[in-house]
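These notes concern the structure reproduced below.
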Amino acid sequence: MSTPTFDPKNMPFRRLGPSGLRVPVFSLGGWLTFGKSVVGDPCKEIMKLAFENGINMFDTAEAYNNGKSEEEMGRVIKELGWHRSDIVITTKLYWGTRPGPNNGGLSRKHIIEGTQESLARLQMDYVDVIFAHRADPNVPMEEVVRAFSYVIEKGWAFYWATSEWSAEQIEEAYHIADKLHLIPPIAEQCQHNMFHRERPEKEYAKIYSSYNIGTTVWSALASGLLTGKYNNGIPEGSRFDVEKNFFSGTVKQLQSPEGLEKIRKVKELTKLAEEELQTTPSALALAWVARNPNTSTVILGATKPEQLLENLKAIEVIPKLTPAILEKIEVILGNKPEPVNQYGRPLLDKFGKL
Amino acid sequence: MSTPTFDPKNMPFRRLGPSGLRVPVFSLGGWLTFGKSVVGDPCKEIMKLAFENGINMFDTAEAYNNGKSEEEMGRVIKELGWHRSDIVITTKLYWGTRPGPNNGGLSRKHIIEGTQESLARLQMDYVDVIFAHRADPNVPMEEVVRAFSYVIEKGWAFYWATSEWSAEQIEEAYHIADKLHLIPPIAEQCQHNMFHRERPEKEYAKIYSSYNIGTTVWSALASGLLTGKYNNGIPEGSRFDVEKNFFSGTVKQLQSPEGLEKIRKVKELTKLAEEELQTTPSALALAWVARNPNTSTVILGATKPEQLLENLKAIEVIPKLTPAILEKIEVILGNKPEPVNQYGRPLLDKFGKL
Amino acid sequence: MSTPTFDPKNMPFRRLGPSGLRVPVFSLGGWLTFGKSVVGDPCKEIMKLAFENGINMFDTAEAYNNGKSEEEMGRVIKELGWHRSDIVITTKLYWGTRPGPNNGGLSRKHIIEGTQESLARLQMDYVDVIFAHRADPNVPMEEVVRAFSYVIEKGWAFYWATSEWSAEQIEEAYHIADKLHLIPPIAEQCQHNMFHRERPEKEYAKIYSSYNIGTTVWSALASGLLTGKYNNGIPEGSRFDVEKNFFSGTVKQLQSPEGLEKIRKVKELTKLAEEELQTTPSALALAWVARNPNTSTVILGATKPEQLLENLKAIEVIPKLTPAILEKIEVILGNKPEPVNQYGRPLLDKFGKL
Amino acid sequence: MSTPTFDPKNMPFRRLGPSGLRVPVFSLGGWLTFGKSVVGDPCKEIMKLAFENGINMFDTAEAYNNGKSEEEMGRVIKELGWHRSDIVITTKLYWGTRPGPNNGGLSRKHIIEGTQESLARLQMDYVDVIFAHRADPNVPMEEVVRAFSYVIEKGWAFYWATSEWSAEQIEEAYHIADKLHLIPPIAEQCQHNMFHRERPEKEYAKIYSSYNIGTTVWSALASGLLTGKYNNGIPEGSRFDVEKNFFSGTVKQLQSPEGLEKIRKVKELTKLAEEELQTTPSALALAWVARNPNTSTVILGATKPEQLLENLKAIEVIPKLTPAILEKIEVILGNKPEPVNQYGRPLLDKFGKL
């Protein structure tokens, strides 16, 4: 069943931000799936298929299904007997797996204890990248940067990165690392999709140009909205149906005027995808994020092998995103972030006009 | 018997100084008790009760009962099977456990050897915070800061701190850490109570504002004086009675004119506590220290479980310490430290008057 | 059979660049031989003979015969029971031993994973020097210098070095190491022979004078061309014959006008060697590189014990290379690199003339 | 037999240079004795007696009897079951224990390999202080300081020190350590006695005042000359008799006019010791070095237990060295080094006179 349908040698690899680590344009994430709906043999099947199709990066977090995502991923990797240097493993710390005042956040205590517990669940000596799953305003940045540098010096990770930090927070981490000769983060795991653009496209602009930070994108399909499957309501068995409680806010928002306006746009994108690119709206949405020069990898979720193969078709769509097509997409979306200059005002064109 | 009488979720947690470590407002210390009058099952009972009531921080020292306090605490924690990240363990080095020229102080030799011996007694791989139990004028500050940074880099502690250091010594530690990119201390374990205020309230003022150092307070009840139990002389079985030799100076001082004046004040405080706050003088005294914004935690001692529960009532007194009540307390005490400005002269008010 | 013919005490030792490590003027390399044509007992015989003749430095690389060179060398050293401090082992990272995006280059991931795999193949806890087998323009220099410093701090190597880096890249490594207080490289493993002089003699001039970098020279015999064995065509069984595919370009180049011109020069050098120095063209060519003050060691290859002994005769030729002889060699070669000053123009003599 | 004759509590302890390590004024060294003339039970007996008399510091070196001194010392300490923190162990690297180009000196290779071999012979995890037994002009100071800092960071030693380095070399080590935030040496093991004063009293003057370096003195008795035992020629069984070859130069020098002049002075010192201080010339000579404020410890050698006890009598002589007595000694010696000011000229007194 798991015969690859895509030549793994065609998987494009990119550097993860400024680092020397190469990551595939599409990687596999274990959020909401591994250790929950996807366990045992099906989990193994999906990871095996991913690897056979060129996806050698697997992303998880201590908090994904309360540690079970890491356990499941670790077990599968061990059973498949992959050579450690052939794969890239990333995990994240912040939300913890236990209650209690020190079982989360970015204190030195949780960064060290949390890393050791993640590695135990993964049955590994190290991960490739460890992410701060959120910023922690209750810990001085010096303590955070020192602790992640410590994790790297101990050999428990090769790099560290951030997730959903503000540009100002990333800037401060660089400032501290530079001052103390410590190690700065290399990537930011952020939400980025056609309906969520301000932070990744505008707020981070200075961070990209100053530090060459790369993004590891989550929610590129806007929780499935951009697949077009909600074009005619919430189908039975879809994520919004199965995970009703988790996504209740999102579902409600979808039924608001703004939500209905989004669905209208998805329908137009679906038409564009099918008629002009001979592809699906999913593949278009994924390719659209992947084509961004600051995107290092787009993290895919998958509950079934077919879904993964389906999404990998986006690789062939990337070169089809010509300036003309991109402009048509902007017209449909109507939400292109306005660039700002360093004085915080909109950039003027060469004639001194906005 | 050990049914909690206090909802552990009501225990307030604070950051330990500038760090990301969270500590409970009241913690449990092993000075003079663990490994001495409190051993075996009673020790276990008290620690279990403390934990069930939200106290997850346990403080000890190499010198407490010559290492026995650490041994007892380590044994109990192992037997209770607590998850390591759920608790905060602090110990201290300086006084040593053996005679000999290098078995104490803050030389690199004793800091490293002493830490390893403390960890062996505690049966732990690391403590959360390691304190320099006193300053050591015979060791250059660079050697001290380097050695504690080494202990942290080895993974034997997450943070280091000081105990009964002068503001000038703490300042020097920050200076050295800053210059050499080493790790500065985060807390100061000092005596602080209604009768001992100059150092914690005045001498450290600049240290609090410059470095956000937090205090872990010992002797908040002034060796029991503030419980009111010496209001009518030294009762049989009280600490001053049982530990006659250790406290002989204190007892003598109590019978001096200054001592009698203190007892007079305690009687007034007792009246205030009972009549205006419907609480005990102990709870008032503990809450008074705990309410100080620079206090990270107040360390409680306990020889019996009841005593611990009794003292935890102070948590409910903290919000009752209104400005009016605090002013009444100042009137009774009459010992408020005079703030000084940076030129060493008393601060002037906005009209240029003292 | 392996009776030494050369007194090992006559082997000259030099410091490897600016470091305190002493290396023999001639060392033994495992490129193209160990783990390929030279395995098992013959490999052991050659290494034993080398050691008995004063050669205590052995050079290999992860990529030499895809890891087999390291395995063979490690096995032999273990079997011979040499005392670790008596020998100098060097290996190199960059080309990797497996396919895949992260199994090569100078990312932190490959430097750390690759070092551990090399040490496993060598059955050693550390090597003396680890080389970056090429520069990697896809990895920031800070990541490279940090990762090699990490390898040294972990105790996996005493020093690190470069191979076939440009002077500008070496300069950048020094800049980063100096800025961040990290460890700079000590040597450059470069090609240097009578027909390949621009880089080692001209490009590196500033690097030698600024940092005292030493070279560990490979291809001192220009793939055998300078032995004179191709003076009358490619003999059966020679490297160019046996390794036809690997050297196809070189062989073709040899038959071009430039190649024939080189052979003409080798014939003249052969005459000079035999008539004026009573030695072979090989010994002359080796001595000529070894006499360069920036050469720390010349790496010899050997497929047979006799070959090694033959080449060691070069040691006796070094002192015979008088200024007059060196000038005759320059006349034959006609390719002396023109020195440049810091403005990139030819240096003027003291009369202001070129 | 080994009943202590001296109350160990009377042993004065001093800080070793600027460090927090306390060393006894008299310590025991293993040069020329341990592992050679003193082995097995006699060695144990001497070390046990030393310890019972307050001497808790034992000094050895990799080169002392080619490693045997370390082996003997390590064996005895293990057999006596001393608590590690009760003793101070020092060893030295430079001369090596094996032939070969990298088995000595101060390269990173020898410092790391040598330390590990010393620790193996001593059967210890660490020594208290590791000395560079000589300076090595063939290794850049940065490599030396980095390597000793590495040894300390690894936990193999608490401090490092120098032996017979010039003031300029020590100054350079401080310069490098300061620039790179590495660890500087704390002591200098130098020859210092009534006939060898220029270096310890004059050359190091600036080093003492700048860095508070302490000395660990060897040869305080000038190879026995100051004991008075050569006052009437070389007696049978004395060190100069037994170790004829090792000391041949010294013995010859003793019979020269300068040597005879020295013996004349020793006779005068003997008279002074006996008549004015009721002690032996040995005790006087030892006390004279020990009383120097820059001396941290004077290392004693001993081949017999009695000899050690005899020498410890010097402790009681120290307070008897009044200014008047010291002046009489200067008159006898006539070799007081002339102090120099920073311009290299003799210091003027307050009236502008020499």
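Worth a mention:
The first chain written gets the first letter, and so on, giving A, B, C and D; residue counts start at 1 in each chain.
We take it that a residue touches a chain if its C-beta (ideal position, glycine included) is under 8 Å from a C-beta of that chain, and two chains touch if they have at least 3 such contacts.
Just so we're clear, the structure is a prediction, and the values are computed from it rather than from any experiment.
Two copies of one sequence, subunit C and subunit D, touch each other mainly through non-matching residues, since under half of the numbers at the interface are common to both. The greatest centre-to-centre gap from subunit D, using C-alpha centroids, is found for A.
Its C-alpha atoms fitted onto subunit B, subunit A is found rotated by 90°, rounded in steps of 5. Between subunit C and subunit D the centroid-to-centroid distance comes to 45 Å (mean Cα coordinates, whole Å).
Chain centres here are Cα means. That of subunit A falls 64 Å from that of subunit D. Touching of two or more other chains is recorded for residues 153, 181 of subunit D. If each chain is drawn as a node and touching chains are joined, the picture is one closed loop, every chain linked to exactly two others. Chains touching one another form the pairs A-B, A-C, B-D, C-D. Of all the residues in subunit A, the ones that touch subunit C in their complex are 13, 15, 18-22, 24, 56, 83-86, 88, 128, 153, 155, 158-159, 181, 183. The touching residues of subunit D, counted against subunit C in their complex, run 98, 100-103, 105-110, 112-114, 117, 136, 138-140, 143-144, 146, 150, 153-154, 180-181.
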